[in-house]
């Protein structure tokens, strides 16, 4: 199956109001071309699920700068004063989720689990509105699964069928998000022939990836 | 030595060979620079690596390896990389021996607050809640006061990071251990007195007699 | 053609290009041998691989690649290997398009029982409960009767594998689809009559007029 | 750190009555030397957490043959008639767990989660005695975490620090179990120098592995 297209065509599929998961950690491991194209096409009213909102003009911070995000589900906004200002002014709704909990909620969404029980946040403000369940005398928060309409994924390599591998700390949320969205668009640094990534090295199997974006290609 | 150096040097003495350690962004990151020679500690960074080294070697390829703050980092032989779910499985699952975190407030219960100041700054908890809940040992590395105001209080006024009792607070004035009997003043920094520490602390301190002094100069440690 | 061949051939016609398919141990495994030429289906095996091929190439290294029954298998270019949590994340998370499973009983609700006969054999559910709960489409491939006794019943007497309604039952006599209105007799195997199927079935069948016949011979399919 | 020892010395650490997780899937990916050594040393009254009980004289089936297992938590015993006979005679207690649920329970144990919510088994005998929790109208079973005293792990390669990588379908439960036990003993097919396994290829980081067993070594 031939899954390669340009960032422009890939982003055309995304409607205003979409729920997007975008990989990256303070911008590291974020699919830059796809983010730039979201800004260029001016997609509005987006819900962003990501680790953070990076920095102004960096990674998904560009979406914040352009005012395209109406809701963000992230673990911190500490590196982006623009997000903090938009939150205080009411321009953006921010749901803060502990980072490990965010990872598990995304993983649960992609794995068909309804949720997980975590000790993180018990007794703190992160527990507000959540069910607490005791197992053998230990309290846990019930944290529910997260899903998205689209996941935008950065990878080190893809083969033409869509198998992905990642590089070092740019892996972060990418493989988790690649499982948790209805439509998955991956932006690899390189595309290699099928068979070039050995089975044990594939992190995201091709069946999860709907479209590959070729770097700088005009197809 | 400035106050941050004092804190970082003292925290470094808490680390033991064969352990996995997570250093928070900012002051805690400085701890790596003061490790005793030959100490075999592995550093985990929550963005997905064990075996991080503080500085990248010149010419290291790409921008795909950073610490949790996005600063370029290196990796030592034997390093491993993984996704965020695995990273926090290590934290939450009891596989992380020590986390060193900054703090806004610590109270007599040993509770830490370090993720928001309501109405002022709401950076978010990032990985802090998982780290404090999950690490076997939590060390808070922070200045003793902020703009003259004590940060070690009877009760935290800011939202807590966790209800778990942290294990040690290291400041430029003192080493304080939260225990069942309250906060125990374990060490006083050189140049300070018990009275100095008490004056800068709102919480009640249990003070052993005679007080012990902090060793932060490598010369003293030999 | 024996009855298992008929069933496997007919199930193979249900598979579409671009899908991910899991074949259960035993009869369902035979389906792979009857795929139309050029059909691009990926096979998942729950022991942790996508891109499994039925037979290992001669001399394939080691014993580290088998199907879920432990029989040596091969891998096609583009295959991927993963752990059991990931394997069932794929199954449960809606990423598996089709599962083909054997069955002990199917009832008018479309419920499947295939994991134990109380007091007699208790093999355990293995991956069957996850597969039936999680796959987008569940096809049961089984003989129509066992020792002359019907397996398609008003109500399963054996413990259920899932309360999810399965999508299709293929036997050597018929293709039956569970629907909101009950079991619909979609096709009758060549050489049999509506009466033959009804006689071998305890459940009530809805029978379209005129009945359609199953195409299982490749000659007929062209 | 030097973590290498013989299978004999490694197994000496395991007391009678221990709870063991052992990797493998019908014997594929099972640490054979460690299993043989458990039999040779005659460890008794073991609780076995594994995918299955393999076959007579194959993989963990050898522990069943020798009558060393008093309780098994597995997804099926369909390939081992000896286990079935022992279960019927009351010699062994068998807890059957759906395979995907078993994987998640072990993963939860290793990840500090109290449990997960799964749709698998709702309304069936697998739900007996378990709590059902509804999320957005969908019922899920609450399945709790599993932990063990020891995990016995088969890997393709280890470096001397204990980093592990796996091969094809012999990976199965091994990386999950390597996180969920107090003491982890790995039996790699080969041991390589530190640095030989690139960071992105490590599946089980060395901090999880307490001891490596060298194939056929007398140290």
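A, B, C and D label the chains in the order they appear, each numbered from 1.
In this section, a contact is a pair of C-beta atoms (placed from the backbone, for glycine too) under 8 Å apart; a residue touches a chain by one contact, two chains touch by 3 or more.
Please read all numbers here as calculations on a predicted model, not as lab measurements.
Across the assembly, the mean Cα position most removed from that of subunit D is the one of B.
Chain centres here are Cα means. That of subunit A falls 32 Å from that of subunit D. Distance between subunit B and subunit D, defined via averaged C-alpha coordinates, is recorded as 35 Å. With centres defined as mean CA coordinates, subunit B is found 29 Å away from subunit A.
The set of subunit D residues that touch two or more partner chains comprises 104, 107, 111-113, 118-119, 156, 166-168, 171, 199-200. Each of residues 49, 75, 81-82, 85, 88-89, 91-92, 133-134 in subunit C touches at least two other chains. Arrangement of the chains shown, judged by which pairs touch: an irregular graph that fits none of the line, ring, star or complete shapes. Across the assembly, chains come into contact as A-B, A-C, A-D, B-D, C-D. Against subunit A, the residues of subunit C that register as touching in their complex are 18, 20, 40, 42, 44, 49-51, 75, 77-82, 85, 88-95, 133-134.
Remark: subunit A residues 104, 108, 111-119, 133, 135, 138, 140, 142, 144-145, 156, 165-168, 171, 199-201 touch subunit D in the complex.
Contact residues of subunit C toward subunit D in the complex are 45-49, 62-66, 68-70, 73, 75, 81-85, 87-89, 91-92, 121-130, 133-134, 159-163.
Those residues of subunit A that touch subunit B in the complex are listed here as 25-29, 51-52, 54-55, 74-79, 84, 87, 94, 96, 98-104, 106-107, 118-126, 156, 166-176, 203.
The touching residues of subunit D, counted against subunit B in their complex, run 1, 107, 109-113, 159, 161, 163, 179-180, 194-195, 199-200, 202, 205-208.
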